[in-house]
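All remarks here apply to the structure that follows.
Chain IDs A, B, C and D follow the sequence of writing; residue 1 opens each chain.
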Amino acid sequence: MNTFGRIFRLTDFGESHGEAIGGVIDGFPAGITMDSDFIQSELQRRSPSQHFHSTTRQESDQLRILSGIVDNLSTGAPIGFIINNEDGKKYDDAERFAIKPSHASYTYHRKYGFSDNEYFGRASARQTACRVVAGAFAKLVLRKIETAICAVDISNPQHVPGDDSVGALIACRIQGVPAGLGEPVYDKFHARLGYAMLSINGVKGFDIGKGFDASQMTGSEYNDAQKADFSYHSNHDGGVQAGITNGETIDFRVAFKPIPTIGKVQRTIDFDGNPVVLDAQSRNDRSVSPRVLPVVEAMAAMVTLDFILLHNAFSHEK
Amino acid sequence: MNTFGRIFRLTDFGESHGEAIGGVIDGFPAGITMDSDFIQSELQRRSPSQHFHSTTRQESDQLRILSGIVDNLSTGAPIGFIINNEDGKKYDDAERFAIKPSHASYTYHRKYGFSDNEYFGRASARQTACRVVAGAFAKLVLRKIETAICAVDISNPQHVPGDDSVGALIACRIQGVPAGLGEPVYDKFHARLGYAMLSINGVKGFDIGKGFDASQMTGSEYNDAQKADFSYHSNHDGGVQAGITNGETIDFRVAFKPIPTIGKVQRTIDFDGNPVVLDAQSRNDRSVSPRVLPVVEAMAAMVTLDFILLHNAFSHEK
Amino acid sequence: MNTFGRIFRLTDFGESHGEAIGGVIDGFPAGITMDSDFIQSELQRRSPSQHFHSTTRQESDQLRILSGIVDNLSTGAPIGFIINNEDGKKYDDAERFAIKPSHASYTYHRKYGFSDNEYFGRASARQTACRVVAGAFAKLVLRKIETAICAVDISNPQHVPGDDSVGALIACRIQGVPAGLGEPVYDKFHARLGYAMLSINGVKGFDIGKGFDASQMTGSEYNDAQKADFSYHSNHDGGVQAGITNGETIDFRVAFKPIPTIGKVQRTIDFDGNPVVLDAQSRNDRSVSPRVLPVVEAMAAMVTLDFILLHNAFSHEK
Amino acid sequence: MNTFGRIFRLTDFGESHGEAIGGVIDGFPAGITMDSDFIQSELQRRSPSQHFHSTTRQESDQLRILSGIVDNLSTGAPIGFIINNEDGKKYDDAERFAIKPSHASYTYHRKYGFSDNEYFGRASARQTACRVVAGAFAKLVLRKIETAICAVDISNPQHVPGDDSVGALIACRIQGVPAGLGEPVYDKFHARLGYAMLSINGVKGFDIGKGFDASQMTGSEYNDAQKADFSYHSNHDGGVQAGITNGETIDFRVAFKPIPTIGKVQRTIDFDGNPVVLDAQSRNDRSVSPRVLPVVEAMAAMVTLDFILLHNAFSHEK
């Protein structure tokens, strides 16, 4: 359940409280040239220390690759990696027993019998560092075929008090995706892409191309007709038709809810149902953006490479 | 690739042109009482003959169950089923060679080397009958634990010419879902739910709870606080927090694009890139709604039962 | 759990008591020319009516393909098929309540709460017809690359009374397998091959190359050295080294226990634990051989094609 | 491809040449009490320093658990672990370019384009330490239900020169396995058990119960009849009938080929096909036994726990 992907796969582990997080990247082709600087720079984009609104927690996020790379080339063996937790989160007792609203507190308690308030769980944003590592490896393969991914924040800026948090709306484009990727029924390209995005902490919505607006359009407005060179007059479908890529740019949006930890006092209950007041909490990011941009890109890269490898499986036989 | 689910699974086959569609339902618990009338009535809800705006094509959708049920009880063996195609689609040559805009024509051609115009592919809405069958079986188990699913059309009605098609916005609620379902990282409850919905033909968007609107809210507005009885003051999260159900109603939306086949003339190209005019096409549905409502419910039922079974795997050990 | 394979996959259903058995073949490449006569002839090799010692039950095993093939070519869509049960097994009450020794009677009862004596379960040899169909499809692809599979009975003939049954020892060779198939750790070529063989009804053992005899050899006797043209002086490893094919013939053995249904009276118990005498039973095969030969070959074909497709996934990237 | 298991799963990484090996154990139930001493002692059983005939290489095999355990209890989160490679293997140039007979040299070269002679691959026995760790965790759950596993060496001792290696025949028993585990068709209990065993380095054969001998028996000799208390008069089936456990002891055998690295000179070729003489090699184990016993047990434990969890998934519904 902690594995993502079919042929190109990430299996990861780790919580905030422990020594390290890490994972295993499987199904990575042999013979790919490593680019450690690039992978570390992707991690840096996700790192809190780089961003104005972000937490002051020190996360140097120094990646250690333990296998699968020799003489700067991938060997085809699984790539094991770890990232140490240099500054393990500490909780105070007041925080420990309150159910934090819209947080993992209560649902973890129901599922596992303990609360994630204590940072023993997997709900921490720190887990996304593993996604970024695997996504960076996927990008190394994708750039060989000139597939490029770029996520940007398109949230409407609002005047929000400094002690509150905000949601984020992210748009992402994947350019240079070959036509023919995706399965006609369940594993449609955008179905697995949406699954990937909805698995990121705090994501509450995904759409592709015209997305939700498409539901209010007519067929004659919407339909993407093609020119004599097979390029398209419009790309309302966002690069995927009938679940299969058509060679146009994949463009999709991902909606994040506001970070649940805020600088305001919140009325809640403890795990026994007693009313408690949750103090204003500090050291938080106010928005997931821009730290989440490399995470969105990483998941898109993993999905795309996975589909390319699956496509290869059948392309020999034609 | 034509299998959906992890423990409760549907594997299906079939195209419009052939004798029959059908599938195999695997991981269905033993000892569940069959309700053929209910399953057939779910199929009927999806059937074109029941709806005003729908195609006049005769699809009696008579389900034949070939295995897994004895004396009206499930045996634990896989349930094989087929539904005959009584009125196979015919295409005329003019249609055969034109790339239908926003349809499976071009992408199938790129993936498989032939066009789905010829009804040899899987992009037909007819495939969704198999989803409805598997979903109806899942509902038989869910109703034992009083989990109920209801999808409704919340599209804004618009004045649209009769020869054009429209999109659809569907809202769905799952009530009575036990708390604790879902995995913390990749297989979040709503991630697999979104994956299921995005795999339905024509779906371009999915969100849960406040969904896309959440991206424009602040944390203090959004956060769902709990009362002394652990019920919630609000349900902006749509029943899923940190990927795990919290016992509240799951509510989500699914955005469908307009049906690409329209009654208007369209300018397009043929498979050699020559400009062609695609005649106004008849015998189409104008909207996927209301036929798609049982399909949305079916996928939701399959996802929920799959999570319940996976949850059971670990609940003995506690 | 009723699915076999990773990329090339068979999901099947059906019991002896029902209308039909059948399945879905997924991951079959597009553009492969069908050969219905060949597939039917493979089914015929498995059919009881063809063999001297076999049951007299009429099983015409007429295959009906319902999808995935158009104009005699595969389309890449899943291949749905059914085979009608023309002559459904009947049980008499005496048989119904006795636990048949070394049969599925008791274990089915423990797992599902009912007995497979009543032919509601999946333990029937009839299920293997689905394996033969999928294997025949796999062979259609394999013969394009000149990979050939042949199973033979190498049991030592013994003088056994006519009312008893015998076990069988089958040897199988796969010739023309490309080098480089198989994964180094869990999905070793012979690990998946063994898994496939051990999943056939009645199989109690599998070995490859020198197999069990290898455990009594020394390294200097055993080691397969190579010549200047990379061919091997010996093939004690049976074509697989470190889990990966080396281009030599794959040769392996499969041990079947005696068919549990015999023509002799057996003392057993009923499902309440009362001693009963199970009458001599008729209409049985005395040996699984030769009917099982096409089943062994079919599983070998499915495993080999699955590995070839997975190998293709990565061969583009080199 | 470096993942073993369906619900209880190990994904591992690492080669001899690198810093560390390790893995991720997923699907481990929450609330299980850790027993680090036991896990370390299992590793010690596999460790070369413990055994007379074994290599002198120092492998302290000190396990570091990085996640999933808090206050000595499992949390339900994945368990990440690493074991440092304190004494990385060094190769000399003479060894580097020779194809070692019956070793991973040639097949790795064909699959990945480089040779495992250089210890960059996964064929090292060192990988089995990860299996032992995951198996030890599985045993912690199994001993709660009084399921116990024991492997012993039943090779016939032979007088073999000290510079040669020998094969090994291992017998293993799993006692206290609940009846009802296993799937009737592909995922038969012994099919997955055999798959697990055949995935261990050097294994060439697997059988269960009477195994290969069963192929030479008659039904009347072989059939396991039951007494009034449902216990069995004999256990020729080795505890599995029709793929499902019957509550009797599971007993099976695993045949290992001789270790390919020997102390004798071998004539072979290099990767260009030139004849070379491979010097007598030192620092080798002469037999896989007794180091492999905990590996066999570990794989058996993993398979058994996986089946128990899958069984639980459906037992609630009965």
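In this text, a residue touches a chain if its C-beta (ideal position, glycine included) is under 8 Å from a C-beta of that chain, and two chains touch if they have at least 3 such contacts.
All figures in this text were calculated on a predicted structure; none of them were measured in a lab.
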Intersection of contact partners for chain A and chain D
B, C
Which chain's mean C-alpha position is the greatest distance from chain D's?
B
Same or different for chain A and chain B, where same means more than half of the interface numbers show up on both copies?
same
Between chain B and chain D, what is the separation of their C-alpha centroids in Å?
43
Between chain A and chain B, what is the separation of their C-alpha centroids in Å?
25
Centre-to-centre distance between chain C and chain B (centres being mean Cα positions), rounded to whole Å
35
Expected list for chain B, residues touching two or more other chains, is 1-3, 12, 27, 30-31, 76-77, 111, 113, 121-122, 184, 310, 318
Of all residues in chain B, those that touch chain D in their complex:
7, 27, 29-32, 76-77, 141, 184, 309-310, 312-318
Which positions of chain D touch chain A when the two form their complex?
1-3, 9, 11-15, 17-24, 26-27, 30-31, 64, 66-68, 70, 75-80, 82, 111-114, 118, 120-122
State the interface residues of chain C toward chain D in the complex, per the touch definition above.
1-4, 12, 99, 101-104, 106-108, 110-111, 113, 116, 121-123, 127, 155-156, 158, 160, 164-169, 179-188, 190-192, 194-195, 198-199, 201, 204-212, 214-230, 236-238, 240-247, 253, 255-262, 264, 266-269, 273-275, 310, 318
